[in-house]
Amino acid sequence: MNLLIKGARPYGEDAADILVRDGRIAAVGEDLTATGAEVVQAAGLVALPGLVDLHTHLREPGREDAETVETGSRAAALGGYTAVHAMANTDPVADTAGVVEQVWRLGQEAGLVDVVPVGAVTVGLAGERLAELGAMADSAARVRVFSDDGHCVADPALMRRALEYVKALGGVVAQHAEEPRLTAGAQMHEGDRSARLGLTGWPAAAEEAIIARDVLLAGHVGARLHVCHVSTAGSVELLRWAKSRGVQVTAEVTPHHLLLTDACAEGYDPVFKVNPPLRTDADVEALRAGLADGTIDAVATDHAPHAVEDKETEWASARPGMLGLEQALSVVVATMVETGRLDWRGVADRMSVRPAAIGRLDGHGRPLAPGEPANLLLLDPAARSVVDPAALASRSRNSPYAGRELPGRVVATFLRGAATVLDGKATK
Amino acid sequence: MKRHLLEAADLDRADATLVLDTAAQIDQALAGREVKKLPTLRGRTVVNLFYEDSTRTRISFELAAKRLSADVINFSAKGSSVSKGESLKDTALTLEAMGSDAIVVRHSASGAPHRLANWVRGSVVNAGDGTHEHPTQALLDAYTIRRRLGRLEGVRVAVVGDVLHSRVARSNVRLLHTLGAEVTLVAPPTLLPVGVGSWPAEVSYDLDAVLPKADVVMMLRVQAERMNASFFPSAREYSRRYGLDGRRMGVLGDDAIVMHPGPMNRGMEIAAEVADSPRSTIVEQVGNGVSVRMAVLYLLLGGAPS
Amino acid sequence: MQYRRSRSDHSFNDPSSEAGKEAILARSSEPALGASSAPGTTTLLTAADVTRVVDRMAHQLIERAESTREGDQTGGLADLVLIGIPTRGAPLARRLAARIEAFSGTPVDVGTVDITLYRDDLRRRGVRALEPTTLPEAGIDDSVVVLVDDVLFSGRSVRAALDALRDVGRPRAVRLAVLVDRGHRELPIRADYVGKNVPTSRSQSVKVHLTEVDGADEVLLADHGAGQGDRA
């Protein structure tokens, strides 16, 4: 089946038609025609390569009441994603070839995005001994990213071994950087607000200490390291230093850490409880700067659906995490594009090209050019809308952006030439 | 007044003064009376929703409500639907459906009263939430200081002890500042929160340097189990550096008073001879608590439901 | 905030709040005489009238006092306790006591009883700041209490005061003295001593100004449409 996208602006640049044939981009140019092709009118819309998320919690298996591979895939497609990495902290934990293959297969069945399972680093996320990383890498799921996300691989010796071991698999360890001894009982960023609100503080140093340790380890053993959800100005500085020293480290930042601060905790509404916690204005500024200059490689959602009862509760009993897939691009437009820090090629780089490279994903993060897989999205950059959690495709409602007006609307998403989203609605 | 009393910052100076004045008038009106009951809140229902054991606070609120002729329901988490897993929200909605006009809540989670206030139409009074605040304790402390010293403006108050985990300290710092007093927090650095510098209070690590200038010394309860988390090396060392004993009491000014929100660890943060001295207002604080809570309930509930 | 509004936000023509007298409180810092020149306002009692009326009431209290105890040389005045209902009943009670002492040579006990916590209209009116309650050291048991108020209107304030008295002691008898009776009772209550009876309509308000509270003595009758005081 052929597809002709008329008048879109690739990377927000000059308008062009995009012809898609057999799942690949056949031509990009002016006044293209194709008999029998389905025509999508895209005048004024920005065309970008399909987004790639390095950090998604799909909750299946285990918490299908909060999200499933299918509902999460739909949310991802609506957000402009064509590939998402599904985190390993499911129940059972994705620490065997069997579980990662199950998740991978569920993603294939849903058919809305490529669901790429992340494998656990340690058995049961317990941080004690390595999971069978090779078996997961060799499985149908072809796991390349390994993470105990939700937990830090805190044991330095174990972390060193993990970094070394995945070198043979072309893999990368994605570290949830949180020194657990410094964050026992932690509820929010440790600072003026935590002092006043009486919520146990999560010090920036607990993240930075692990990043500092891990970049030294990664440099020492010559392995790739990826740092999940960087949240502090100090972390950005450490990453900048490590990169300047040639350490193979990459890092991601979440949309919420680019936009929100610990001021959100004031009303004790746990929809704003997340790990790592929302930080200060100065941290937000440093994260935006780090993303702009490439110190931070990628935006990753840390999309974390939670059932209502896990959020409509006391702050301390609520589970940390917030939705992100459907608003990620809008938040990046608001915080990076409208502020002039990134152009559309920059957005494509941080949300598609680099995350695909970090995850060693073939067929994603490719340029909008003839011969490439037709994974792309069309965005109306002028549209603005107020986020209504009830209207989200995710099975959960814990969006921190509820009631907030955000720019940009994903009009269409194509996965290998097939529309997964058209006119802002999922096709299945 | 706002509809709820969730934290000391809910009270501006006029509100806080009104509470204290009202408590004083109530005290005066009831002084020496045989019938210590007023008909003011007849037909209103006050629920004491206690997720933490706190017999003294619950009794104080219960007495306050009863003296204003409100109906009082005590709902403690132990042995109730809560222990069977009912959520705070469901409990709140249940109590509201039963017609409660006010919920007095004690909870181990900071911010739980704020959550409750989102879910119910009636008034919510924070009777202590986690390590956040305990605003009626601060009100009764301010009331006690004003009765003893005749003023609050310019009064120098030393708050000594585990500030980090103390809701009493948080409420007192805010309220006493609102009322014009000058607060100095005295604690080992491990028991002061990061961010304490943004509070309207001075900070000192040296109790002996602060005492001679203090009009009021407010001792906070220090739990010995903090020792196990290395907040301090030993109970003995804590007591030696930050405990109020007879020698330290001796350097206080003639009119200075010693306060403690209770329950006390005698021999830990306060020596028996200090707790039982004429400077001590500890028993007085308990009595004042009832008057202040009557004032709060009257001011929150007496009004027309708007 | 409700308590701040409460003194001025109730309707003058609603007798159930005994309005009209408290409403003046909110403007007590203004020169009281300014009000008398306002359109639709007439002076019921001048300062000299107030003095004369208080004197007369003091005489009446002396005359009607009865000895009930053997050996009482005061004609019953020793048993008398004047209890003012705040705000303006309190200074009025003190004035009456002073005049009684001046005329009879016998000091009379004075006190106040705050009725705020006994009102039946809290739900409708919002909370108010409390006024002091002060009782004679000897208490009021077996005494003859004379409740003193400035204006008698619906009778609800007096009802509240009676409830309050019941909780503080057991007087032998309770009487009522008011400076102005303006009618429109809603309860079976009447005054034993009245300074001046004033026929009014419900839409009018009676304003008593006393030097101790307002800076001057006078009693005014004001017509009200939907004007001030009707924000409730």
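For clarity, chains are labelled A, B and C in written order, and residue numbers in each chain start from 1.
Throughout what follows, contacts are C-beta pairs under 8 Å (C-beta built on N, C-alpha and C of every residue); 3 or more make two chains touch, one makes a residue touch a chain.
Everything numeric here is computed off the predicted structure, so don't read it as measured data.
Comparing chain C-alpha centroids with the centroid of the full set of protein C-alpha atoms picks out B as the closest. At the far end from chain A, in terms of centres built from Cα atoms, lies C. Each chain gets one centre point, the mean of its Cα atoms, and the points for chain B and chain C are 39 Å apart. Chain A and chain B, compared by their mean Cα positions, are separated by 45 Å. Per-chain CA centroids place chain A at a distance of 74 Å from chain C.
Counting only residues that touch two or more partner chains, chain C has none. Residue ranges of chain B in contact with chain A, taken from their complex: 87-89, 107-112, 114-115, 118, 129-133, 167, 170, 193-199. Interface residues of chain A, counted against chain B in their complex, comprise 187, 190-201, 203, 267-269, 309, 312-317.
Taken in their complex, chain B has these residues touching chain C: 1, 14-15, 18, 21-22, 25-26, 28-29, 33, 35, 37-40, 68, 298-299, 302-306.
For chain C in complex with chain B, the touching residues are 1-4, 114, 117-119, 122-127, 129-134, 163, 167-168.
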